[in-house]
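The two complexes that follow have chain A in common; it is paired with chain B in the first and with chain C in the second.
Our next item is the complex of A and B:
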């Protein structure tokens, strides 16, 4: 299971970074989503990978338990990344609709001479 | 009155939804409530600062859960100083936005402004690393909205870059926090400090990775050189009053570096010793250089101000990266100064841009040239660090604090040369904007030439000038009261480099 989770995080991150480096905004947003999935799985794994154990400590005997805190962190991270993805989609849409171009690069500017003068 | 500590977060958090839901169609009421909130915020911050001034650390336990388990807000001298600075910056910026009519050019300016303040205040007050992430997100998401306020094509395009870059930063922040949690099992900053100090040096590979990733995140926020690419186009294309408020946002990064790398990964922690110092200082030197050259090379006023902000971040980070107490004191003084100076420059840039466009080129003299050029002059000498304003004192303190550092010749050389280049850039921009225009032939189509002075079409608003002079007054006060200000900065630095009181108070270990 460790191998599976680790490679999942690795592949998601690699794919996300690759997509973020594209020039158009749609792949960039997809890349960001993949990266947030990667970080969610990673956060989930930071409490150690345990299967079938309750998130409860028992002070009378040594039992296996799973750490509940990373799950709370993941929930927060999911909510935030969801909202952020919505925001970036709206801003990218605004940029696309007003410039008819979904490139993420800033267009080169003409020099000020003559314009605005 | 212990609940006063959470007021800087709760107050804007309540005012913002109230503005959205109740006052949506009443601009005047929105302005009144927004202003009242900021004034109240300033009063609360000053009260809190007065409480923290004697060196006590106050802790507010959310939900009454004690420290390592619940989230705490912590008020010490550094936090108090930062929230006072934030609220005193927000007041003139808001006055300017109202006076210049920027808040009418798009929806929800005031609500976003309040949310932004809430995020910044929270980031300065929190004592929990994950909570710091949450407040970073609050301030960022509000800043996205503010940045594309009254959008235009270029503003949207710059906004996409800004959002994507900062989302990447947020992801990295989560990776860093996850790594730290997996090693230490806690995210409370004081508890982290205890746990990190206990970990034997040979088991710290993951911890070092986490520390470096965290530094990268804060470096993105603080626009340290290889990670500064988001700043120039974002600040230059944002509405200028918003950019003036953003002047405190880079300081959030600087504050976080100062907080985490004195408290958790302090200089005496073996695991991460030498890790930050080795990289931060050269990068800060490069930041200052790049900012200064950018000021000289800018063709647009917005970019000039943005690169000015980068240059001042460079100086600030040079002082922080030495991680000594005297350098930290100098950094804190310079931090206050550079925030006010950068904000002033952005506001003056907006005054000019409203009248003659964004390009730095000779143009006909605009209305109120004298007043605006005087303000530009003041902002330029403040940001470049010329006497008599506080930038000079700040740079002097930084130079003095770095006298015994290993790289002292480099630091002195870069700071002095960077200041020279900044002055040259500002002088070039100022003479092009304000002097060259007098030689140009007058435009016959200008209607105001033929009319008597009292029938000018729109009387220029007074409030923007009030705001600019307010900021300038802050700079002058910082210069006149440099003695008390430096003493406060020194006391703050002393508290930062003796973190045991902070840790003991947060974890409730005081022997009572």
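Our next item is the complex of A and C:
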């Protein structure tokens, strides 16, 4: 199981970074999403992997629980990453609509891209 | 008056001139004058204590963890400087009122001046050296404003920039030096540092600390080779020059050297660095001053020269030389401020301060002539004026100084400097006031109004009085301040009087005076020779240096930060990987302590789904729609994994966030190209792939290493598990952490989420308000549209589902404290329920039924959360302390109430508002005229039926 999670984190990270290094905004956003998954799973996994022991207290008997703290951190991280994705998407869209160009590089002074918006 | 108030008064007062200038220039000037006067009187109230040799303290701990505290103290040295700063400040405020013209923004001037004054008073009263550094930097900044006050003059701007660059970089060096000093002494309080002479001088850090601190002092006090900024700062209005360069700014470096004299002085390093620098500066300044035609430039270089003199005296490291230094600080402040103001008066009334165009002013401006002559004679060191006394003391000291084995180097060079000093002082008198009256003055010279000459006149009276009765008038002050510099109660024997007998100093003085007169007589040929000599000009050198720095930093910046996002990302990732590798190589990895768990079939299936989807995204990312579908698969597997790995809350959150994220991206994709073109060559892609694979291996390897080991330190999670029910009243530990243990984080988070939504809204407004709107309105869809935009079945289904979905949200919300769920998840579900209406029935239909603006929902959420948190105050508890209890209303089961639920309601509302505001903003891009139909469903059998029978309502 550890190997599966670790390799999944590695693959998601690699795919995310590869897409972040693309030159158009949409793949970069996709890459950010993949990287977000990787980071969230990574943080979550720092509590170690436990099955069948959710941190819901059992009032009637002593049972083992998994680590609740990374879960709380990741929960807020998931919601915040939605906010971040939304802002980035909005910026990308605004930039595309204004210049009719979804490249992520600043237009250089010579090519005059973005002037015709 | 408390030292706090004395230091704070100028800062407080700085507000008034800027405001009162609307009430006229007199109001602004009086406000500045009154606050200064008040601070001055407050200072004078401490006279008895200070002259008894006591030290007045005022202390408040500010950041004790950093050693940064608001500790002030007042001893003789601090008193002397504070008195000069505030006293001459008063005269300058009066003088400037008449000097500045109607066009100059006087309110600004006085505000800057008081800011500067406050910073200076702060320096001289600080007990804590970190606090002193803060004030030190403030003087650099406020003097920048003052020197560049005439913004329209390029010289003013350049001079201000140069002063800021030189003194600012010296200040940076000094920060490092002070930190070292504090480190050695173990405290940042001067009163403690000054007790630790032996520890400091024997430390290995003594020399570096000394050099760094001296860099700060030398740049501020314009010592060679940093002297060049001072003449360029003369582009400032004359009141500024008179203030900065007689009593304050440039004296700050001297003050610091005097302040740290007890611990830093007395070593050979101190002697050779400080005394030599001072000697060179004194000589160089005096020589250059003689050949300056601009009155202010002459005075500027003479200031440089006199600062060098005082530095040299401090550098000698003997007690008697320190006494002489203190005495000359007083004397220089008096005659130099008077001279600057005189130069300002001449400039003001004669229309020029070029010596070549002046002369013969003694009949036209008798008052100015009297003031200027007395002050200049004092500067020349002519008895019975105060400049003579301290210059004698200086020469006497040089006669006893051995420099590198030579008895004659220092006295001879000092006499030469004194000679030039006498020469330029005589030139000031002779070439400006004496000689025949001229016919070509730019303006009709006459004495100014009383307001302008009263300040310098008062100073000149002091010059004469100190000279004639020095022991009575200046004696106690010199003794008190010198005792503070030396750091002991017992002063060496000295006597402040005019006649000491036929001492070497007297012969040197006579030689200097006669030599000075000779030089003046020979001035014209000398000036021609001087002009013919090649001399390095500081300004072009400085500008070339700054230009080189600018080019280097520009090329570095452009190399790293050239506007290509890909490059930043690549640099950042590579760098992160590199430092991670470094950390990995330099650390040690413990043995594995955990066993690999057998995965079973389900996780393996999930893993395959995730890996294949991820690889397909990478391979097919050019097809944007397809990659969105695939990313949904990844999200689904991630949320299922959370569920499998005992994190039901995460699973619920992830899956609902997944839904809204995909909808959001779909909405955006609607307006963007559906394909990504191939732009990068195969080699670049290979390089990116390599970076990505290495980073992926690193991340995967790191988490694997972590997973195979137990916690290195005891975890705090046990505390949460143990106290969740007892202290927070809930059994869902994750939710209790969110709303209770870490409620403050959550509170911050919903605010951030709200801000993100507002940013999206604002961006939408901006984009839609631009030319883009026309494009959007005329836009033709690039993909075929659905024939039926609002299908009957979907509309009906979503309407039926709406109350059900909201009920689920309510259920999830209420059970959240004890079972998986809570405000975040419930908020997302509720948002999805509403989004379904938008999707099925159309934006216009849904927007019409939307009664509360989403901004308000976000706001109310944050406010509810805040109000809940503040409720704890009424029980005397800290912010966000929760309370809970149990109620039993028959026939219901016992149930729990908790204030945390109210907090969670705030979270719920903020999430609903933020998600919907974001999506609604994006949807508004699609609006086109005619898009809204009056019917929710395009095809509605009931309507067709009604149309047939003509009974439609």
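Here is the rule we use: the second predicted complex is superposed on the first by the 99 of 117 C-alpha atoms of A that agree within 3 Å, B and C clash if a C-alpha of one lies under 4 Å from a C-alpha of the other, contacts with A are read in each partner's own complex, and residues count from 1 in each chain.
We take it that contacts are C-beta pairs under 8 Å (C-beta built on N, C-alpha and C of every residue); 3 or more make two chains touch, one makes a residue touch a chain.
Here the structure is a predicted model, which means the values were calculated and not measured.
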item: Greater residue coverage of chain A in the superposed arrangement, chain B or chain C; value: C
item: First, second, both or neither for A:46, with chain B first and chain C second; value: both
item: Touched partner set for A:69, first chain B, second chain C, both or neither; value: both
item: Partner chain in contact with A:106 - chain B first, chain C second, else both or neither; value: both
item: Touched partner set for A:32, first chain B, second chain C, both or neither; value: first
item: Chain B versus chain C as contact partner of A:2, first or second or both or neither; value: second
item: Chain B and chain C footprints on chain A, overlapping residues; value: 20, 25, 28, 38, 42, 45-48, 69, 76, 80-81, 83-84, 87, 91-92, 94, 98, 104, 106, 117
item: Complex contacts: residues of chain A adjacent to chain B; value: 20, 25, 28, 32, 35-36, 38-39, 42-43, 45-48, 69-70, 73, 76-77, 80-81, 83-84, 87-88, 91-92, 94-95, 98-99, 104, 106-107, 111-113, 115-117
item: Touching residues (chain side chain B, partner chain A) in the complex; value: 130, 134, 137, 141, 144-145, 148, 151-154, 156-161, 163-164, 167-168, 170-171, 174-175, 177-179, 181-182, 233, 299-300, 356-361, 363
item: Sites on chain A touched by chain C in the complex; value: 1-30, 33-34, 37-38, 40-42, 44-59, 65-69, 71-72, 74-76, 78-87, 89-94, 96-98, 102, 104-106, 108, 117
item: Chain C residues within the chain A interface of the complex; value: 562-566, 569-570, 573, 594, 596-599, 603-604, 607, 610-611, 614-615, 617-618, 621, 624, 627-628, 631, 634-635, 638, 641-642, 644-650, 653-654, 657, 660-661, 664-665, 668-669, 671-673, 676-677, 679-680, 688-689, 691-693, 695-704, 706-708, 710, 715-717, 720-721, 724-725, 731-734, 737-738, 742, 745-746, 749, 752-753, 756-757, 759-760, 763-764, 766-767, 770-772, 775-776, 818-820, 824, 828, 911, 914-915, 918, 921-922, 925
